Structures are given as structure tokens and as C-alpha cells.
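Naming follows writing order (A, B and C), and every chain is counted from residue 1.
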Amino acid sequence: MMSEARGQRAPARRGLFRAAQYDWLSFLCTGVTGLATLLIISILAVILGVILINGLPHVSWRFITTGTASDMFDVNKAGILPMIFGTTARVILMTIFVLPAGVLTAIYLTEYARMHSPFTRVIRGAVNNLAGVPSIVFGLFGAGFFVRFIGKGMDGLLYSGKGAIVWGQPAILWASATLAVMTLPVVIVATEEALRAIPQGLREASLALGASKLETIVKIVMPQAIPGIMTGAILAISRAAGEVAPILFTGAAYYMAGLPKSLHDQFMDLGYHVFILSTQSPNVDKTRPLLYATVLVLLCLTFMLNIVAIFVRARMRKKMRLLN
Amino acid sequence: MATQTHFEKELSDLKEKLLTMASHAETAVRNAVAALVNRDYDLAQRVREEDGVIDRFEIEVDEMAINLLAKAPLASDLRLIAVAMKISQNLERVGDEASKISNRARELSQEPPIKLAVDIPRMANLTLPMLKGALDAFVNQDPAAARAIIPQDKEIDLLNKEIYRALANHMSQHPDTITQCLNLMVVAKSLERIADHATNVAEDVVYLYEARDIRHTGKGSVPGTPGGAAPSPSA
Amino acid sequence: MAEIPLQKVSLRAPGANKGPAAAALIDVQGLSLFYGANQALRNISFSIGEKVVTAFIGPSGCGKSTLLRCFNRMNDLIDNVRIEGTVRIAAQDINSPEVDVIELRKRVGMVFQKSNPFPKTIYENVAYGLRLQGVTRKAELDAIIEESLRQAALWDEVKDRLNTSGLGLSGGQQQRLCIARAIAIRPEIILMDEPASALDPLATARVEELILELKKDFTIVIVTHNMQQAARISDYTAFFYLGQLIEYGPTNAIFTHPSNKQTEDYVTGRFG
């Protein structure tokens, strides 16, 4: 049989390894995946393009460095500094809450918990389900739990008798806490992935030298997992920067004269402001440029927050790579 | 590495033990012949007692060699160990032949001397250098010197036949010397066997250093002759 | 947990000479180990003396690595492991609740099959165990690290780059680094789980020569697939099959005239 085939192909020695016919399937698949990529990029380009073109002319220095004194629906008079400040502050505060909680949970699940015990399975189930909860439900949860339960309880403890309502009302603290709860699964999963990627051999080597489990985690495992944890932080930040529903009832304010001065103050928020501009404006056409400009600023802010986090992660990776 | 590995040290220990055994064997032959020529009863007795030492050496060398083989040595290490076992066997037999010579020496020392004893020393003076030469070739890693020894065996064989004829002649003419003549025949035979063993050692040395097996070819001296064929890459 | 009779007792059994019959450093009696319902070790009993190299040989899955890991209780890391019988090191039952497993692991070191240097500098790799024990003075660390690297036959190759990453070394060098790291804390016993199986022949030869040198100061137990290696470096050999100890004795006896037919079959390659 072999000689038969060779006899047929004998004349074209340089075609010895060529396929019998053209590989249409590969071509088709390459084409389809290429088209899909092109589609996504073009959609993204269109969205960003439209926002950029319509919003950039209206973004002025005054726009982003002052607050709104009078008419916040007027593009010439509005200023969104308070919103920028509020969004940034709540994202940073959220990160401060979510990173320790998420990382410690992930460390427990990966390093300490027994793989198949019912308790572990319950925790994992809870984490997975948490990821699927709609954002508005988080908002209601935050309002009920943080604002009314914890906040009110704190007021009762700290200001008992005076009847003051300091913590028992929407505040930047509670909004950040709510966002932290919402982004917890993301951080936990990213940290777990980072921890699992560390070869077991390193842990064994450390334990075999007489280190305790805690020493092993602190000295060997954690330093290696930091880039992965940063990835989790980046994902959390990206998600949280644009979320509006969780902060609706927990801290976002329609209008504030100045910047929030303490953790129990409310704050203004870019995303919420976009919602307000879209729905509460008396003159839609006049407000539209303002809308584009605000959305552009929101996108830029999210982008910059991401860049900062990516930069920090790259620095850590570089430090680790220098060591290698 | 400048220092030896453990395995290299074990190999050199093996070589050393073999050489110690060789010097015992050489001494035994020399002493046996001296005892014969000088009619020295006590020396002859000592040679016989020393044979036990040589026997023990053979056992020790073989044991070391087997243990080394378990470590799966290759190439020249492998040949060295195989050759060490063979040389130790040949040396043990040399020791036995020396013992036999010393036994005949003892007997002869009790009998009156006869005139023909002069050829035996000559045979010994040819045999001993063969043995020494083969062992020196082993120590000096000189296969050419080993090859030079092999043709000398023929000379020893001829000499042995001569001595047989002379002794047979003498016996028929002087029947009262039959005991001495028979004893001298045994001595000649032993010396011839020692020369054979020396030749075996020489062939083993050629195998060790040239990786060529020249046994039973009869031609040892010159590479290029059918017995010493073209060089092989492993040589 | 209560400390540590293991710390106060010297692991050098007095008057010990090389030989399983003399005062044993490691003594195993009736040891059986179960992974859940699976029995991995069956009623193993033997003992190992001081400052000898003992090799564990046997086909894959026969339990030799499992047994090795019993000696420094690395099997504790696996769920569902149950042990019956005793393992005594320096006459102490290491599985008893009074024994601090951390202290045990400081006296019984381990080198793994796949070399696993930490992603730190060479210096910090060797210093890791020392720092765990509270050695912090630089002069002291420098001295011990240099000596450990010398003993591991690595010093000359790395003395000018102690501050570069351990992961930048070749495979053989990395394994020697792991050996240096293990011996830096001066354990009495070193366990080696196929330390040269991932190395090329030249690196393997260097590691074997290293083990023969280390024998003067440490008691070594090595698991190996390579029988010629076991013949080259070990004084005693134990042959395991399906979780059982089939034969145990001086290496040259096991490899030139084993008493047990199964051992003979394995050693000559007729099965397994």
C-alpha cells in the first residue's frame, strides 16, 4: 500500500509532505475567530469613539476641578470634582476592606481547610453564590445590614441617650463595605488561583526544614502569591468603580455642597451622577454634552485606577523576576 | 576533580592488592628455585607454608572484584576488574607450581646431587623474567611489553622438551638416579606451566590496555600481523 | 504541645557502630500505613544504624517513598492517613503526641526528587532553615552557609554569585543547593527521595560522590529506582514489594547473592 501511494506521488518529490487537499476547516475556524475578535474590537472602538468625540470638547479644567455651585445640569456651570473624589475614595476604601478579608479567606480555603469536609463545601458554595447575587440586592443588603443594623447599633453605643444619628445613615463607609462584600468572591477566587499555582514542592521543602505551617505561608507562599492577589484587586476595582446599585441606598448623595469630610458623611459619585443626569434633567438636549463628558471622565478614572493597580503588580512581578 | 572519587579509590585498592599478590607469587617462585639449586630444606618448607597466603589473596581479590562489578562499571574499569580476576587466578596457580617446585626441592635435598641440574636454573632464569615482565607491563600500562613476552613461551616449551630428553637419557644410563631425574622432570614441568601462566597474564594485559583479545592466536608481537590486527576505536 | 523529649536526647546512640544489629538510630516495628482503606505499608520491621547509607529499592508503588516520608512525618500533610506500629528514632516514638513534629523535622532532613529551591537568592535558600532556628548574626550565617555549600560540592561554582537567584542554576546544581540547604541545619538523618532521578549522568555522578562524602557526618536513607546507584553508594539495602519488606541486608549481599527469589528476580530485572 505504501509503495502504491508513493508511486502516485513519486513525481512530486518536493510535495512529499503536502496535504492531499487544502485544509478548509482550519481556514474556516481561523476566519470565524478572527471575525469575532474584529467584531468585539469594533464595538469597543465605536463606544469609546462616540464617547470621546462627544465628550472631550466639554471636559475642561474647571469641569474636573470644581464642584457644582448652582445648576448641575448646565454644562458651563457644572463641576464634577466631588464625584471624582467620591468615586475614588469609595474604591480605595473598598480595596482596604476586601483585600484582607478575601485573602485571608482564600488562605484558609487553600492551606488549612480539609479538602472535602462539609464545612469547606458550604463555604465554597457560599462564595460561588455570592458571586451571582444581583448588584441591587447588595444595595438593599447594605442598607439593611450596614446602615440600619450596624450603624444604628454603633449610634446606640456611642451616642446613647443623645439620640444622634451619626452612623445609622448612608455613609461612604457603608457604601465601601457593601462594595467590598460584592467583590469578595472575585478576590477570593483570584487569590486561590494564585495560591494553587504555587508548586506544592515549595511548601514541602519549607516544612521539611522545620518551618511551621504559618511560617511557610508567610515566608514562602504569600510572597509568591502577591501578583495573583493584585490581579484580584484589579478585577475588584474594575467592577466596583462603575457600580451604582450597591451605593444607591448606602451612601450616594444626589447633591452635596462640599466634599465628604469623614467616614460617616455621604458622597457624590460619577456613576450615580450619570444616572441622575440621564433621568432627572429638565432639558435633555442641554444636558447631553454634560452626560458624555461625565461618562468620559468616569471611564478615564476607571482606566487610571486600573493602571495604578497594574503598575503596582508589574513592579512586584519585576522584583520577583529580578530575584530569578 | 583533583581528588579521587570513591570508586576510583576502590579500583586502585584492587590494583594494589593484586600487585601485592603478584610480588608474593614472584618471591615464591624465586625462593623455590633457590631452594632447589642450593638444596635448602628450610627455604623449601617456607615456600610451601606461604602458599596459603597467596590462596587467601585470590579469594580477597575475587570478592573485591565481584563487589565492584555490582556497581556496573564500564569500559576500561570493566576490563580492569575482569582482568584482575583472571590474573589473580593465574597468580594463584603460579603459587601452587612454586609450591610443587619447593616440594621437589625438599626431596632432592635429601638425595645425592646429580650433574644435570645446570639446565633447570637456566630455564628458571628465562621463566622468572617472563612473569616479572608481564606484571611490570600491567603496572606500567605497557601492552607492547606484554606482547613481547608471548613468543618467549615457545622457547620455554622447547627447553622443557630438551630437558625431558636429557633426563630420560640420563635415567636409562644411570638407573640409580631415577628418583632425582623424575623429580627434576616435575620441576621442569612446573616451570613450563609458570611460563604459560605468565603468558596468560601478558595476554590479559593486552586485552586490558588495547581492548583486543589475542588469546589462542599464537602471534603476539607485532600489530599488523593477523594476531595483532588493525587498531579498534576502543583501544 | 509539650516540648520535645526529642530535643534533649542526643540522636547519636552511644556506642553505635555501623550495622543494623547494633544500637539502631531508626527502628521500625510492625509499621503499617493506610491511605483511607488502601494499605500502603504492611507490617514493616527493621532498623537502621548510624552514619550508614541505606537504600530502599523496589518497583513503583511498593511503598518505599511512603516509608521514607514516615521518618519525618511528611505523611501528616496528607488527609486520611492512618498509621499502626511504631517508628522510633533515637529510641523515641516519633508518632507519639508529645513529639513536636517541627523539632523532628529539624533533626531529620529531606531532599526531594524534583529539586525545589525557593525563589530566593542562593544565600537566602541555605539561610532559610538557619533563620527559622534563630540564627541571625551575619558572621555566623556566612560561616555556616559557606561550609554547607562546600560540603555539598557547590561552593566553588556559586561563591561569586550568592546573591543571584537559586532558580538560575542548572538542574544538578539546584539539587546540590537543596542538599546544602538541608544539611545547613545539621540534621542527624538525611532522607533522599530519588535525588538524582531528574539529573543527567554527570550530575548524578557528582551527587553520588557527594553522598559518599556526607556519609561521614550524616545517616542517609535514599530511595532509588536505579539499582546500580544503590550498589554504588549504599551500605545496606532494603527491597520492598507491594508494601512489604522482602529483604534487608548488606548491599553487596543483596546484589551478588540475595536470599529471596523475589529479590533476585527484581535485581536481575526479571520482573517489575
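Annotations
Everything below uses one rule, namely that contacts are C-beta pairs under 8 Å (C-beta built on N, C-alpha and C of every residue); 3 or more make two chains touch, one makes a residue touch a chain.
What you are looking at is a predicted structure, and each value in this text was computed from that prediction instead of being measured.
Chain closest to the overall centre, judged by the mean of its C-alpha atoms against the mean of all protein C-alpha atoms: C. Highest C-beta contact pair count among chain pairs: A-C. Subunit B has its Cα centroid 91 Å from the Cα centroid of subunit A. Taking each chain's centre as the average of its CA atoms, subunit B and subunit C sit 49 Å apart.
Counting partners per residue, subunit C has no residue that reaches two or more other chains. Of all residues in subunit C, only 72, 74, 77, 79, 102-103, 105-106, 109-110, 112, 114, 116-121, 128-129, 132-133, 165, 167-168, 178, 181-182, 185 touch subunit A in the complex they form.
Note for the complex: subunit B touches subunit C at residues 5-7, 66-67, 70-72. By the touch criterion stated above, subunit C contacts subunit B in their complex at residues 205, 209, 212, 228, 231-232, 251-252, 255-256. Contact residues on subunit A toward subunit C in their complex (touch as defined above): 114-116, 199, 201-202, 204-212, 215, 219-220, 224, 320, 323-324.
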